[in-house]
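Structures follow.
Okay, so chain A shows up in both of these, paired with chain B first and chain C after.
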Partner chain A sequence: MIKKITSRYEFLVFMVILIFSIIIGLINPNFFSLENILDILQNNTLTGIFAIGMLIVVISGGIDLSFTAIATITGYTVAVLLLSHGSQLNIFVVFLIAAVMGTILGMVNASIIYFFKIPPIIATIATQNIYYGLLVVITQGKWLYGFPSWFGAFVKIKIFSLVNANDVKYGLSIVTVIWFAFIFLGWFILRKTVLGRSIYALGGSEASAQRAGFNILRLQLFVYGFMGLMAGIGSVIQALLVQTVAPNSLVGKELDVIAAVVLGGASLTGGVGTVLGTVLGVLLLAVMSNGLTLMHVPSYWYKVVTGFVILVSVAAGAWRKRAISNKKVIIEAE
Partner chain B sequence: MFRKNSEILVLILVLAGVLGLMLALNGPSFFKLGNVQSMSFQMPELGVLSLAMMITMLTSGINLSIIASTNLSGIVMALIMTKLAPDAGSAPGVVLLALLAGVLVSAVIGLLNGWLIAYLDISPILATLGTMITVSGLAIVFTRGYVISGFPKEMLFIGNGMILGIPVPLLIFLACAGILALILGRMPLGTRIYLYGSNPTATFYSGVNNKAVLMRVYLISGLLTSVTAMIMISRFNSAKADYGESYLLLTILASVLGGVSAAGGFGRVSGLVVALVILQIISSGLNLFGVSAFMTVALWGIVLIFVMVVKHMLEQRAIRSVAR
Partner chain C sequence: MADLFLKLSNVSKHYTGVTALDQVDFEIYQGEIHCLVGENGSGKSTLIKIISGTVQPDDGATIEVEGHVLHDLHAIDSIHKGIDIIYQDLSLFPNLTVMENIALRRYVAEGKRLVNWGELKKIATKAMARIDVSLPLEALAADIPIGDQQLVAICRALTRDVKLVIMDEPTASLTKKEVDSLFSVVLDMKSKGISTMFVSHKLNEVLEIADRVSVIRDGKMVGIYNPKELDDEKLTHLMTGKKLEYTPFARTQVAGEPILELRDLSRRGLFHDVSFKLFPGEILGITGLLGSGRTELALALFGVNIPDSGEIFFEGVPTKIDSIQKAVELGIAFVPEDRLVQGLIMNQSVSKNLTVTTLDDLVNRFKLLDRKMVKGRIDKSVKDLSIKIPSLDSPVQTLSGGNQQRVVLAKWIATNPKVLILDGPTIGIDVAAKHAIHQIIRDLAAHGIAILLISDEVPEVYNNANRVLIMHKGRLVKEFDEMDSTTMDEIQETVNLTA
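Entry: the complex of A and B
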């Protein structure tokens, strides 16, 4: 049983997080304060929610580079509605509008990929540019802020709240709880439903999945639609957290999200990946960036460290895979 | 023979159509010497980068780190020049040293990509994503996000000079395209690249050293980014960590438009060159016509999907006609 746990990739990531945490904690004990940990969780909700959508896309053997553009569009739409009809809306309607729009835009991606057999990376680079280009043309790149007060009040809701030494309140934010809910949803879909198993099958081999009778179109629509859904939800979270919607605030985020998913053990060739791993991947990047800040490392080092960690972990994963396959060959030869 | 050239024929027809359209939109002023010259100064950067992308796509790979590699190489060149020749007058020796250092940097990045992909068997998207983040991070560390500017006049000549009325960057691009066409069309390495792109397993069993092929492909791709860096920092008379980020899509677009198959194994330099000319004419024409740059970005996306759709339909037709 213990060997089964320790031989899993997720355990490796967990150990790396633990080692990083101990080093950071020794240098700056503030790291282990409950306030800091809750802070890390809240600040990484956005990446975390995007990552669940990306994980499912990656498991299906695809990739989506357009979700930040989708999130920018849904965020903008919501912001415009908040500014014009703010008093008639409530938080559920806002989430619903963003979710529906995101899902539709995601399904557009799926249709392009399925019907014209365009590789997902090329199709979504193209739609990213279309979505984003049109958005900036229509909105002229304006920043939107000054949302209704209930929109600002919602994000301050805490499930439990405490007071620190300086009399500042902190606690478990509602935003973090929303993330946890989607972690559960992602885990449930992938582990407990036929749909989840068929997504793994699709990622393992599209041709086999098709011959086994899976409806590839429906699966693709779900996978990219779900990514769009996460983009929509994420855009509202982002608007809640910063109370501003800007056209360029999510640019480049797609790479962080892919990095987190890959660090969590998902394979870009499809068929492999777990929600637990992805959450750990997000946390690994989160702990690293938080630690660099707490250790007073200048922020311009952050990207190098991220890239380096990705390269090392990917290389380590490749070595591990090769070692396992070598072992298999030896056993077969015997 | 016709089949082999039909793709380039289609491209030339598209080119003629686009030219006609721009002529109708902008009038004869579109062909003024000034406009043609400014176009031929703008195209080479994207052109050389597209060559760097194309050669990796031929092996069914991709190189996401080309922009980062270009910027880091340019920054190293810029740092050497501004440190050793701070008054930015004439310093041919320093410029030569800087260029060599830049080439070395991008060669190392290319070899790192090649090693990760060939020897560790990491998928090209992932490997080059990792190097892209690391390398662009290094570029930020080296510059702290600031602009480095002020180069000797020999350096400025590379991006802004003219020989017999032809812009130097255009000559550099043509030289790179010529060399790459020679490698791909006339040398054993080229044949191996196409073979590997079509079927790596079959290539391996015909006695080709696949790892050596991949190493060379990513090395060449890296070297081409240093050429881009020379043109780019010379044209801007400065280097920065985030120049040219919008080029990444365009290089893929140009390659796909020029007949390079995303699945690998097919595509020629001549197709890419015609595709680049088409893209440049559309972008300059729309710009002259007063269309927003972001509208052009959206249009690139639409063009990319359109090209892929047409290709898909042509392939389907070819399959059906074979089946018959």
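Entry: the complex of A and C
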């Protein structure tokens, strides 16, 4: 049983996080404070939510580079509505609007990929440009802020509140709870539903999936629609956290999200990946950036270190896999 | 005899300008093991597709299942009637567990939404119990041997109330042992009244247990035969419509200095203390069971598996072959076993595939490709090996198996090799093409090329090699030098002893 746990890739990522944490904690004991940990969780909710959507896309054998553009559109739409009809809306309606729009835009991706047989990476680069370009044309790149006070109040909700030594309040943010809810949803879909297993199957072998009678179009609509849904939810979270919506605030986020998913053990060739791994992947990047800040490393170094961590982790994963398969060959030969 | 399960009569299928099937009748009894053989393009696959309901026959055909006439057979009807097809690639999900591979399809078919892992396990266990096999349910499908993967596909069929299992080329990549266990499973299904239909384009072991054999050629049913009355020669004749002139191999005495000599070549876990000599113009056969280390040894001569110890002499000079480039430089060519994956760039044109190994020779003084030289090289290859192609620009994947193999051969011959290593050169191609390939191999040897012919088919090495070596667990266990005084059975028995 213990061996089963230690032999999993997720365990490796967990150990790396642990080692990083210990090193950072030794240099700056503030790292292990509850306040800092809750802070890390809240600040990485956005990446975390995007990553769940991306994980499902990657498992299905696809990729989506357009979700930040989708999130920008849904976030902007919500912001415009907040400014014009703020008093008639509430937080649920805001989430609902963003979710529905995001899902539809994601399904557009799925339809393009399915009907035109375009590789997902090309299709979503195209839609990323179209979605994002149209938004910039229409909005002229204007920043939106000054949302209704209830919108600002929602994000301050804490599930429990504590006070630190400097009399500043902190606690478990409602935003983090929303992330946890989606972690659970992602796990449930992938592990407990026939739909989820069909997505793994599709990523493992599309030809076999077709022969097994899976409805490929439906699966892809779900996969990219769910990514769009996560983009929509994420855009509201982002607006809540920074109380500003800018057309360019999410640009470049795609690669961080994909990096987190791959760090978590998902394979870009499809069929492999877990929610636990992805959450750990997000946390690994989060701990690193937080640690570098606490250790007073200039922020320019963050990208360099991230790059090395990705390289080393993925190489270690590939090396382990090869070692395992070599061992098998020798056993068979003997 | 039992009742008829499936009866097709007057089945024709015309595609624009092509007749795939012409008034074919076909029937299978309950619990029968029926073998359908025919060359590539004979209409076998169209017939399977009609039975599976993915292709509709032309008007005038009747399909009866268990005595009921079906007016239209669609894929879903075929499934409901208990027909299951196991394609050659098995259609497994390599990234899922054995358990899911067996049970998931039924889950989807029943329209279930939630996964109950306990129930999944029960379904899989029950399917395995039906044919008395035991597979590691938690292992990934990709991690188990190909023979077990085949059993997974059969168990998958057995999760439903299956009445007819159609297997496309089931024994193509199995070892002798795996074939035996497949057969015992099929006989077990027979005893439970489940019919099995083997589909094959070559002569093979499935005839051993078949009740009847249907032969199809050019879209027409040639006839139904008792397998006991068929031998290789007769079946080949029925399949091809031609009497194949099989010229026995006139073995020439090879003399002179060996071009390649191995002394105690070893690599841990792959092969041990391998020594032999290979002479110019000689065909040296190496046979042994799957996993005996044949391919691993071949790869050592091609610079892929670097040996730990021992020596290689090339033209009498001690040589280290430590990279593919080095092997190619010496004049060693290698045609891999899985030609589809390793030997060809499937989606590229015939002409690009033919020239990829010799691009360095085909450049003008600016180091750019010389079109005229390229064209000359291609035309020569196509003519020399009589490759049948619609156009030089057609992607290789559109060619038949035999022509693909010829393209691979042509590609390497163009490099003027001194040593040509052929690993399973005729795997998966039909009888006529096979003979053509054998003839090519002999011609190459006659031109002075030294050939290492690796094959798991004893008749192939027996009929085409000057000498035969037998490999087992990475070691050469026996050498047959005097082929004229050796019988094929002697070699076959030696190989079987290593099983």
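FYI, the second predicted complex is superposed on the first by the 334 of 334 C-alpha atoms of A that agree within 3 Å, B and C clash if a C-alpha of one lies under 4 Å from a C-alpha of the other, contacts with A are read in each partner's own complex, and residues count from 1 in each chain.
Here is the rule we use: a contact is a pair of C-beta atoms (placed from the backbone, for glycine too) under 8 Å apart; a residue touches a chain by one contact, two chains touch by 3 or more.
Keep in mind the model is a prediction, meaning the values are calculated, not measured.
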item	value
Touching partner for A:F214 - first (chain B), second (chain C), both, neither	second
First, second, both or neither for A:M107, with chain B first and chain C second	neither
Which of chain B and chain C A:L144 touches, first, second, both or neither	neither
Which superposed partner A:N129 touches (first chain B, second chain C, both, neither)	first
First (chain B), second (chain C), both or neither touched by A:A98	neither
Partner touching more residues of chain A, whether chain B or chain C	B
Chain B versus chain C as contact partner of A:A71, first or second or both or neither	neither
Which superposed partner A:S198 touches (first chain B, second chain C, both, neither)	second
Which superposed partner A:A231 touches (first chain B, second chain C, both, neither)	neither
Footprint overlap on chain A, comparing chain B with chain C	none
Chain B to chain A touching residues, read off their complex	62, 116, 120-123, 125-127, 129-138, 140-141, 144-145, 248-249, 252-253, 256, 262-263, 292, 294-302, 304-305, 308-309, 312
Complex contact set, residues of chain A against chain C	191-198, 200-201, 203-205, 207-209, 211-214, 270-272, 328-330, 332-334
Residues of chain C defined as touching chain A within the complex	75, 79, 87, 89, 91-96, 100, 104-105, 107-109, 112-115, 143, 268-270, 291, 293, 296, 473-474
Contact footprint of chain B on chain A as seen in their complex	63, 112, 116-119, 121-123, 125-130, 132-134, 136-137, 255, 258-259, 262, 268-269, 300-308, 310-311, 314-315, 318-319, 321-322
